[in-house]
Amino acid sequence: MSLIGILMAGVFHAAALFLLTSGLQLVFGVQRIVNLACGSLYALGAYVGISFTTWALAQGLPVPMFPLALLAAGLVVGLIGLPLERLISTIYKRPESFQLLLTFSLILVFQDVLRFFWGANPQQLANVAMHYGSVSLWGAQMPAYNVFVILLAIATAVGLGWFLGRTTLGKMLRATAENREASAAMGVNVRMVYLLVFTLGTTLSTVGGAMVVPTAAVSLQIGVDLVVEAFAVIVIGGLGSMKGAAAGALIVGLIRAAALVLYPEVEVLATYVIVLAVLVFKPSGLFGKAAV
Amino acid sequence: MTSTQQTPLLEAQGVGKSYGQFIALEGVDLRLNQGEFVSLVGPNGAGKTTLVNVLTGFVPPTHGRVHFMGRDIRGSNSVELSTRGLARAFQLVNVFPDLTVRDTLTVAACSQLGLRWRLFGDARSHRAAAEVVRATAAAFRLEGALDIVASSLPHGKRKLLDVASAFALRPKVVLLDEPTAGVSTADKHGVMEALLVAAREMKVGAILLIEHDMDLVRRYSSRIVAMQGGRKIADQPTDDFFSNEEILSVVVGKLETTA
Amino acid sequence: MSDNLNLPRRKALKKIGAGMALGASGLLSAPAFAQNKPLKIGVIAPRGGIAGTAGEGGIRAMEWSVAKLNAMNGIGGRKIELVIQEETSPKETIDRYRKLVLQDRVDAVHGVISSGVSLALAPAAEQSQMLTLLWDGTTQDGVKEMMPNPKYVFRAIDNEVDAVMSSLLAIRHFKGSMVRVAGINADYTYGRNTWTTFTAILKKFGIAHEVVTEQWVKVGTMDLTSNVATLKTAKPDVIFTSMLFADLPVFMRQAHNVGLTENCKFVMPAAGWQQTAMKKEFTPEGVVFGHSTMYFDNPAASPLQKEFVRWYADKYKDYPHWESDRAYFCLQLYKAGVERALAAKSGSWPSSIEIAMAMPGLKVESLGGPASMRADHIANQLIFQGLTTHKNAYDFPTLASVETMSTEQIQKPAGADFWQWLESTKFKV
Amino acid sequence: MSTEFTSVALGHTASLRDNKPGWFARRGLQAAIFLGVVALAAVPQFADAYYVSLGIPFMAYAVALLGFNLLFGYGGLLSFGHALFLALGAYASAMSARHFGLTSIEGMLLCAVGVSLLVALPIAFVASRFVGIFFGMLTLSFGMLFYSFLNKFYHLTGGDSGMNVPQPTLLGRSYAATGKMEFLTGPFYYYCLVLLALGVLVMWGIVRSPYGLHLQAARDNEVKASYLGVKTRQVRGVAFLISAVYGAVGGVILGVNTGLADPELAYWTHSGHLVFMAVLGGFQQFLGPVVGAFVFILLQDELQAVTQYWRFFLGIVLAALVIGMPGGILGTVRALWNRWRKR
């Protein structure tokens, strides 16, 4: 029996997790803010993605184009990052704990806003994902769209790497991350940088939610449920590190897949065990800077 | 000058500290004897603060060893050393913003009296602790400010409080990192005087002072150690030091460029 | 904000004196209360989260039948008034239950879907002597411990009943091609019980089978690709899943997308909750599909059900599932109980206990069909299941032919232990 | 750097001024405690039974938050997994009842305290190394680990259906005869009130003790503190243990109140609500958390009564507090009081 299928499923799960956490990491890396509401933003992207795409298809958008509709939806709702950043900017000077509090309040708000517009029932997109049929990888069948999501995650990772590493703007961000005062002195408009970074981070989450939802569905609950998985990923990978997000996502995804084959009972627990092990033996995470 | 035969209170032998390739300290020897007031001078980045960090066990040296009252400090951190009588005040104003002057001093008094794990009973009304607090406050003329929260003290007083809290440990040796930084020239002497009075009253054995202000150095210290690029370049009694032109030019010259 | 905060305090002070009048006891529908007062019924049901769908189904049926009853002369001459509270975690729900009992002074409480909450509520109900009719959420384990011979609590049918029936149907239809068996169920008591029931019945009928994988998923998990992949590699002939929340359609979709549905049969005792979400595009034909106590598209349905389904479809552009029937049943049973007790007292309003005493043995017409209440306060109803077909006008499968069983055949008798009963009793396929 | 942050933040609403023996701190606090106890003792005499029954979760949270705030307000450590210990308390009492047939609440409390210490010890060992966000994430992870443990080991914990917490005896006196509500709103209410009063007094002793001062020193400036002989890591560890015990005691009360110990108690959003209450009342004030618990319970109750979208409004309130009123209710009252006295 081929384990490839399970392996690929693990990788797919990892891809989804990466899309969820990359924004979180970017924002923390530059602004040292942990956004508890990342899950809610992911959910928001998914909900809007479903509604918009369904509408667009009804308006006669050719089915093969549906990923574009999702992408568009994700990008547009990502703009909610602008007001959110302005909101959070009011507590930049407070201790880190306050960010956790403020973003927690956002979770409560989002949960009911989503419920108000989309109701209690989980939402799903028509099974357009299968329009692309499935591909067979080393004998394991997998929907082509899932492969597309994996590629998208890889592309995002590479893109972010290039953006932060090569472009002047990226360098500017890194400089701000290293030393806010210094880069401010060098004429970097820190306020704009923060606005940009936070919005970009938000957009990554919303796009992630929108792009992944065709393979599943979205419920009000995932807003809070995903936070836990996201934390597992970034704790393992190391706060604020893109490499970390990728590595962490892969580890969590594969652990889960492996547990399912070896001993399904421990599927969830296994992840936490890894998380705690990392916290005890390498508190900074695999790619993080010193934790304390 | 006290005799050098007695075991020094604090002694560093060939102390070196390097971070990666960067060498912050190299082969520094230093003795601090009973009753000495030694000033540590040198341009910025000469390694003065690093030296103090090493001496107080805050960072471990990469070479050499440090003895405090005859015992190697290897393996013991700033907490133990401070309770054993090695106190330090900081360059930056560094008190506890939300604690009152009384509480700040009480913190030190409690560690010194070993009340650390008393989970009950008002620390402020503990007789011995209160006495230490009173004495320290008196020595530093802080009685008036006892119930003011540190963050709302004027800069000079906050500086004093920082030093005072170190003294409240009833230390044998105090290491002072620019206690008068940012204090107006007028107040500087005030701080120093208070400091000396306190040292005398509290039977502090020796003081090591990091200071840029040459008048202060000249006026108060018995011996001067000059550093540059992580090395010790001079270690002389005050008068000899100030008559030693080229060393002085290095230090003072650098000072003027940096100041 | 500040006066916002003070509001409840003022309210509390206004209540001076009132509190002591009736104390904490639930003896509220005492004869002292005039007939003309509206009859308050508290409803506790989930409105959000994974069980939101179910809660809505129940509440809507409640509102429908209350409207009808009030159009006549309510229950025993008193108009019905619903006080709806959200069902969340047991801790919070118990507080709202007390609010219904102590502050809203309701005459009875209906609803509750999750087992956890029902187990927390039952003792509270007994102690505060509040007539409480549960729609759902009564798994075996806790029930034994928490609800020994209840006085005031009335339960819906056992949750395991659906699993019993679909196991029997599975044997009838898949016998012979049921060697490699796999299970993927929600990681909680209900999921575990239904799976154990299924395998136990297979053994009972001497079906030689091998369990190729057992999977337990956290309720509400939205990415099951790894589980699906694992199932795929296990190459099962039959997959049993009692998942019933939003995760069920997700599972089916992901299963379909890797071709798991092509040469493998499915047994889903409780898929009815998700019926409209189980789209044809990923739900194959020939699935054993459980609708529990009501199947909206049942050709043999009573005019009553047909009328309700029509109303529901017009009003909500959706089709009702068994939770509507449960809610309707509870209300009808309560009505019948009140009326019998009233008759017994020749018209003066009966107390909670008198109503409670009146209910066992009553037969009422529920949406799904005739239903009754057993002496041990457990319901007897009809269960509807069958194999799915795509031959219909909807975008989701319906039943090719409706199998109907009464819980009198497939529910443990009063006082029996479920597992022992399952061992001993003889079922016919 | 982070210490600088702390100083800015905690400095601007001169926090924990109870250290400062002004009128408000000394007389005011004692008066507040006394009046509070008297008022609470009087509630069952006049208030609607329902509000009396709300008093029990209030006191449960008040106790738990006293401990939580030793960590947060005095130690500067924000735990996002503290619900773990409430759940632990509830489950401990359920298990002690099921396995050792314990029926006395004193037994349950002892059990809960013991278990919570056992569990908190290793966590404290790991967690005391962290501050700020890392501490928050670590505690959240531990909390969720326990949550999935409760769900997974169902044969031990009853899984999602949780475990029954029987009506206990108080001081050896059994109330089996009295109905649950009479029990809760009567004897148990006063029992909890006594627990709360004790909890307040003990905590008042702790925060003023030498240890308490060291804890605050460690919060304000770790390095400086270490040079004044403060064992920052151990001090924080002990704070974690104490808060765990308080949490467990609160959990026992909650468990008896609900009659059930269920996994939802350990879910991380429950921890979030704890933090909410602390901030609402004012985590920089000794009695802040108690006030927070009180207002939160009434606020939630009122919101749920008027709208099904109560979470939305709770969120708005929390955001408004964090941004505009970080001092919380008591902090603001204190500020106003001080301004009024200046005139």
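Read from first to last, the chains carry the letters A, B, C and D; within each, the first residue is number 1.
Methods note: a residue touches a chain if its C-beta (ideal position, glycine included) is under 8 Å from a C-beta of that chain, and two chains touch if they have at least 3 such contacts.
Quantities reported herein were computed from a predicted structural model and do not represent experimental measurements.
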Remark   = Joint neighbours (subunit B and subunit C) are D
Query = Where centres are the averaged C-alpha coordinates, which chain has the largest centre distance to subunit D?
reply = B
Query = What is the identifier of the chain with the smallest separation between its Cα mean and the overall Cα mean?
reply = D
Ask   = Any idea how many Å lie between the Cα centroids of subunit C and subunit D?
value = 36
Gap in Å, rounded to a whole number, between the CA centres of subunit D and subunit B = 42
Inquiry  = Distance between subunit A and subunit B based on Cα centroids, please, to the nearest Å.
reply    = 50
Message = Based only on mean CA positions, could you tell me how far subunit A sits from subunit D in angstrom?
response = 33
Key: Of all residues in subunit A, the ones touching two or more other chains   = 111, 115, 265, 268
Key: Contacts with two or more other chains, residues of subunit D listed in rising order   = 6, 10, 148, 152, 317
Task = Would you give the residues of subunit B that are in contact with at least 2 other chains, written as numbers and ranges?
result = none
Task = All pairs of touching chains, please: list them by chain label.
result = A-C, A-D, B-D, C-D
Task = Over in the complex, which subunit D residues touch subunit A? Could you list them?
result = 2, 5-6, 8-10, 72, 76, 78, 80, 126, 129-134, 136-138, 140-142, 144-145, 148-149, 152, 268-269, 272, 275-276, 279, 309-312, 314-319, 322-323, 326
Task = Sort out for me which residues of subunit D touch subunit B in the complex.
result = 6-7, 10-11, 14-17, 19-22, 202, 205-206, 208-214, 216-217, 219-221, 223-231
Query = What residues of subunit C sit close enough to touch subunit A in their complex?
reply = 46-50, 52-53, 55-56, 213-218, 220, 222-230, 232-235, 246, 249-250, 253-254, 256-259, 277, 279, 281-282
Ask   = Given the complex with subunit C, which residues does subunit A contribute to the contact?
value = 1-3, 5-6, 8-10, 12-13, 16, 111, 115, 119-122, 124, 126-127, 129-130, 134, 140-143, 146, 212, 215-222, 225, 253, 256-257, 260-261, 264-265, 267-268
Of subunit C, residues touching subunit D in the complex = 1, 4-5, 7-9, 11-13, 15-19, 22-25, 47, 85-86, 89-91, 94-96, 98-99, 101-103, 114-116, 119-120, 123-124, 127-129, 139, 141-142, 145-146, 187-189, 192, 218-219
